[in-house]
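Look for subunit A in each of the two complexes below; its partner is subunit B in the first and subunit C in the second.
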Partner chain A sequence: MKLKTLLAICLAFFGFSKLSAQNFEETMSNGQIRGNFQFDMQYYQEDSAIGAQQPSEEILSNGFLNLIYTNGNFSTGIRYESYQNALLGFPNGYKGNGLTYRFATFKKDKLTVTAGNFYEQFGNGLAFRSYEERGLGYDNAMDGIRIKYELMEGINLTGLTGKQRIFFEYGEGIVRGFDADISLNSVFKSLKENKTKIRVGGSAVSKYQADQDSRYVLPENVATFAGRVNINRGKINFNGEYAYKSNDPSGDNGFIYKPGEAIFLQSSYSQKGLGLVLSAKRNDNMSFRSNRTESQQNLLINYLPALTKQHTYNLLATLYPYATQLNGEVAFQADLIYKFKKGTMIGGENGMDIQINYSTANNIDTTQLNDENTLRKGYKSDYFKIGEVFFKDFNFQIDKKFSNKIKGRFTYANLVYNQEVIAGKPGNPTVYANVGIADVTYKFTMRNSLRTEAQVLLTEQDHGDWATLLLEYSYSPHWFVAILDQYNYGNAISKQRVHYYNASVGYNNKGNRITMSYGRQRAGIFCVGGVCRVVPASNGLYLSITSSF
Partner chain B sequence: MKFFTTLFLGFFFLTLQAQDNNIVPNVKVQQLDGNTFNTGDFKNDGKPIIINFWATWCSPCKRELNNIAEMYDEWVEETGVKLVAISIDDTRNMSKVAPYVNGKGWEYDVYIDPNGDFKRALGVNNIPHTFLVDGNGKIVWQHNSYSEGDEYELYELVKKLAAGKSITD
Partner chain C sequence: MKIIKLLPLLFVISFASCDKVDDPFPSELGKSIFLNKTEYIVDKDFNVGNTNELNTFINNNTWTKVEAPDNSTRRFITLEEFTGHKCTFCPDGTREIIRLSGVYNEQLIPVGIHAGGFAEPKPTANKFYTDFRAKGGHGEIYMTTFKVAGFPTGVVSRLGDANGKNDWEQDIISIKDDAPSAILKMTNHYAASINAVRSNIEITWLESRPEDFNLQLYVTEDHIIDWQLDKGFENPNYDHRHVLRKVVNDTYGKALIKSEINKTEKIEYIFTVEPGWKAQDMEVVAFIFNSDQTSYEVIQANAAHVK
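Right after this comes the complex of A and B.
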């Protein structure tokens, strides 16, 4: 394989450390090992009331162990993953065991070389991001070579080539990328002391995949170019990036020969007690994968972030979450945070914080060209027009401390959710929902506290109204117990008005954590860091062990 | 693959004898003004440092940092401790970090780790995850998750470190 390269790296490393025995021992004593471990296991029960099925294995488990060794300018690491078989809802490409990640990196002066697997992001990720979210089974790590070079202070160059991970294999296409990142204040002496900080960057990423299609003549090389700028002056920050992709017929876009583009703009203002963010983006035909026939989260080369609030409360976060529509979307978001000081009329004795957020996502405007048998450009789009509504979310949150013992957070949200497009459920009506949540913590003593969450989601569509009650008692610093009930009391079908009970207990000590839970889990969409996964309903006993060292 | 594993395990066993050498790995993170910063350069004049991983979408993380914020002035005055808050928000929420930090009036040193490079280097799995670094720059303690009241245990440990006592048991 790449044995020669690795050998060269190791020899280079030993070269630096001179091979006398004493020196060797000294060098080795500077090394350190870090890593983490996670194991999740679930025993599944049949539960016809919620449509939960028992898989034939009865027990399923996921586990992984990361080890990273670092010694000065050298580091190497491995990850072992095990799926016996993968938990329900996890991408089912994960089967079996294996070493899925291994790398070696060395740094020599201004040069950093990585061989093996690596994660990397260019700018905002519109052109390139390899990334992992273990809890969701999302991992498009690169396997190849990455070279970073600091040309001079403030100018950083990155070049990479390789293939992307898909489960226990690598994708068919080859990905190559180059990025330059320049801090103008470091490069130009005259700007060194300037209060305005400007950073610019540009990247070019291309993929190669052989054309074996019998229907079309496909471009085997597809390139994306992106340019970006970040301007900061004290309280104000502006960040913008534009990306253009050459035509890339794929399963996502129905094999049309249209170029893609994306623009992403974010500006913010903040001072003590006040923060404001305004953002906008538009992406048109920007799905970019190293295998043109892949779907879902597989083999994505770039990242098109959603511009909506990432909610954390159960009903808000897992019933109707939004994920970027790769084929086309125009989105806007405004986010305001304000602190009413202690002793003011609204702030009261202990102060009060408010956070208001509004976001919309719509389809881009499209006019079909009906050229399926000629140029296959697909459609044209007016840049300044928008299409149907995908998603809207107006929400606010109030944080209030009533006394040293009691504090609360109150949330209201109004959602518009286009199920047909976002959840891929044609023929289902758009969901209009109102959500109210009260989250109150009562502290008995410094280390004993009870947190209560009462949530309600009201809607005429989909499964109707839901209510959730959570009681979480924690005994700091080691223990917590919680009970949860979610009740679909407003379901139009009376048989489906079910309770989802769940009880859990957890123990923490330093870097170790053990959690056990028993009960029903509602089907939902779980999202972490902007990636979502659909999880089916289940019932059973769940055990999770995590450790960092 | 076998070659890689052998190489790795070789280093692993050579390292076992040298576990007291637990320094903060050097990785690039972003400052709130958009420039980069090397994590190996976290310094606090021989006083302890708390490194806390959080994100704007993580409720327990925000509860923890907001609770500490109320006492932070006292902590700094009594022990000279410094809290370094590492946000793992990615592009989707990155621009909300500075407004949130300022809006809440946090006095911490805040950096962003948008693609998890520092998180991976420290073996962080889930957030919130807290590390304690002693006056000599060595990581001496860590904790995953947050329950109301955990900040008191953390501060007890910070006080010990500031007084030059050992907290490893």
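Right after this comes the complex of A and C.
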């Protein structure tokens, strides 16, 4: 009853005041509630062999529940989060319980208004991206007002203002933004039938943070401006965006007053059985936060996409993944996907897919100005030169179905990983690694299958060679059980040649999934899209429950 | 289509939310204290906030006193030279200044502003490691303001943009006989024990002028022996002259009250100097200039040693 009363008030507020009791019931019956839930809990054991510690709480947990009510052009929702306390590796700021996300939004004609929390992205995100990546503990949700307006067919405007979430609080800076997205083919009659489709866009985002620094005169208002274009014709697509940020001295850049800039270019070609994507990016001093003294992943206003492949296999994904360098990087990526047809010499009876990827990230070229006591511009940078290597990854992946019972995926990767910069380990040598992975699934019957994953990582640097073996038996559609061992057999220190064993069991049923595992977890880095968090070594019992409706 | 024309307007509004900082360092000056018809502006480091504290500060320290020359009948002239220790032809500019000083004596007040790429130090090298640039980035701002296109260049009493050494004397001659618009009287007091200077300025207007004027205070240091590239020769014992060490009252100085004939304005700056600077070679340079950014012309100046 209370919920109904609340919704009635909301509906009245948003213009449904003329509803009679009967109409109200009818309107309510059109409403829909959906949501999802996740709970992760781990019991930690001390394990000196891998450096795993037992926290004072012994058991830690993360959980959340999303609820969204939609009724026609109106929707509202909440998210409850609980960290008792947060699992190891998550930022310490996640501690306690609370409603961390609540919003109401309505659409009337061409106007859409959101009050409360929202996520938003302008273009590729170089100027603004508010999003959540739960696995990273990353959430820079806005709390404020967002207005979207379709000015005319093909012109969409977005304006927003608010503060950004940081754990259970909000950052002290205020963020204001405006974006215009224009389809030229819709706006200009002469282009309506043209096969070349062009979209242009522009955004301006500024932040306000009071200057309370006694050392420097800090700009209280800092703005980023971005312009973008997307051109599509048949199988070819081009996407480009350039962003410029005014002087923004911060902890990230050592309080220098150099403006920042970023450019992102991506072109692609696709047809049946073939896809090619070429990308390039350069960012220079483009860390943009609503609190100039924050670090790590806190209160970032913009997003600088990583031009590296997002690997999923354990050794590749968590030992040496790339983290975007906000202060400056030049990156390139080429991605080719090709499908060998059935019946061809290479494709064989069932065809074969191959994916070849190459990515590289370097520092920008910089020349120090030694002006820390004068203008504090910090350095100058030649746009067309590149600096030291941060990261290189050449990899290919072959997917092959050998028969109705056996299919496999085979991966090779060659990595160059600058530990000093990416992992923040001064004095540690650059890692040169070769990785080979065979992922083979054998299907006994329609419901029974066994998946085997064998991985090896060979390197003379860091912790040396690693091997992983996984056996996963699935009894579809509900059950799976798996055992895994990772072995650091090539570690130069014999005591650290440790097995990381793990056993897990899971149950799926419609929208519910329960997983339980026991064993060791290797210390590593977990990254999504170039944004990373460090995961410490642990040992213990892990339980995960997810559900959606 | 009319609506599309509004889009740039929205961007302009967004542009307004952007602060460009030219000088990263906050002013070291504290709030004004008025005592005996004089406005005292005291460096924050001295923690002087009222007249009692000011009297105590002055009375509790021992001060030596130096007076600047009388300029009641002559227009004194500034020559702000842009230079750098890695600028191979800049010593030619300094030699020209030394020659001009021999001709015009105290009427010409030279200031060597080290700025730009030639002035960048090499902190880790075994030569050219000294940073002669005044803290706060003022030199670079002046370079932009006076459109410095090459080195050495200089601007005489801020008569337009900076020009080459061969034009300096012509500019001096063009104004050296002008009747002054104001008398700029300066008396410096120095307390060695606390590295403090009290620079007392008394401006008496000799005519009423429609323009607005600012007062600028510099500290220079003479005879700094250090590395200089001189026509290709790397001289470790070069005599650097009249080096701008400190811009006392921010990049463009302090606004003066409206000029009115026979009216007097008294201002005293109390500020610190670095312990490593040689007091006997330090001068305080003060000048009055047109605050209109299309002009900046210096109409009167003076200089006196600190000690």
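Just so we're on the same page, the second predicted complex is superposed on the first by the 531 of 549 C-alpha atoms of A that agree within 3 Å, B and C clash if a C-alpha of one lies under 4 Å from a C-alpha of the other, contacts with A are read in each partner's own complex, and residues count from 1 in each chain.
Here is the rule we go by: a residue touches a chain if its C-beta (ideal position, glycine included) is under 8 Å from a C-beta of that chain, and two chains touch if they have at least 3 such contacts.
It should be emphasised that the depicted structure is a prediction, and the values quoted were computed from it without experimental measurement.
Chemist: Examine A:A223 and indicate which partner it touches, taking first as subunit B and second as subunit C; both and neither are also allowed.
Modeler: A:A223: touches subunit C, not subunit B.
Chemist: Where does A:S250 make contact in the superposed view: on subunit B (first), on subunit C (second), on both, or on neither?
Modeler: It touches nothing on subunit B or subunit C.
Chemist: Under the stated touch criterion, name the partner, subunit B or subunit C, that contacts more residues in subunit A.
Modeler: B
Chemist: Applying the touch criterion given at the start, work out whether A:S381 contacts subunit B, subunit C, both or neither, answering first, second, both or neither.
Modeler: The answer is neither, since A:S381 touches no partner chain.
Chemist: With both complexes overlaid on chain A, does A:F178 touch subunit B (first), subunit C (second), both or neither?
Modeler: second
Chemist: Going by the contact rule set out at the top, does A:I78 touch subunit B (first), subunit C (second), both, or neither?
Modeler: A:I78 contacts subunit B only, not subunit C.
Chemist: With the two complexes superposed on chain A, say which partner A:K510 touches: subunit B (first), subunit C (second), both, or neither.
Modeler: In the superposed model, A:K510 contacts subunit B only, not subunit C.
Chemist: If you lay the two complexes on top of each other, which residues of subunit A touch subunit B in one and subunit C in the other?
Modeler: In subunit A, no position sits in both the subunit B and subunit C interfaces.
Chemist: Spell out the part of subunit A that touches subunit B in their complex, as residue ranges.
Modeler: Interface residues on the subunit A side: 1, 3, 6-7, 10, 28-38, 66-71, 75-78, 99, 102, 104, 116, 119-121, 124-125, 129, 131-132, 134-135, 156, 183, 185, 197, 199, 230, 232, 235, 237, 239, 264, 266-277, 279, 303, 305-307, 310-313, 335, 337-339, 353, 355, 399, 441, 443, 446-449, 451, 474-477, 480, 506, 508, 510-513, 529-530, 546-549.
Chemist: Which residues of subunit B touch subunit A in the complex?
Modeler: Within the complex, subunit B contacts subunit A at residues 1, 3-5, 7-8, 11-12, 14-19, 21-23, 25, 32-36, 55-59, 66, 88, 90-96, 98-105, 114-117, 120-126, 129, 141-145, 147-150, 152-153.
Chemist: Going by the contact rule at the top, pick out the subunit C residues touching subunit A in the complex.
Modeler: Touch residues, subunit C against subunit A: 3-4, 7, 10-11, 13-15, 17-21, 23-26, 115, 120-123, 131, 133-140.
Chemist: Please give the residue numbers of subunit A that touch subunit C in the complex, ascending.
Modeler: 151-152, 155, 157, 176, 178, 180, 187, 202, 204-206, 208, 214-223, 225, 246-247, 249, 255, 257, 369-371, 373-376
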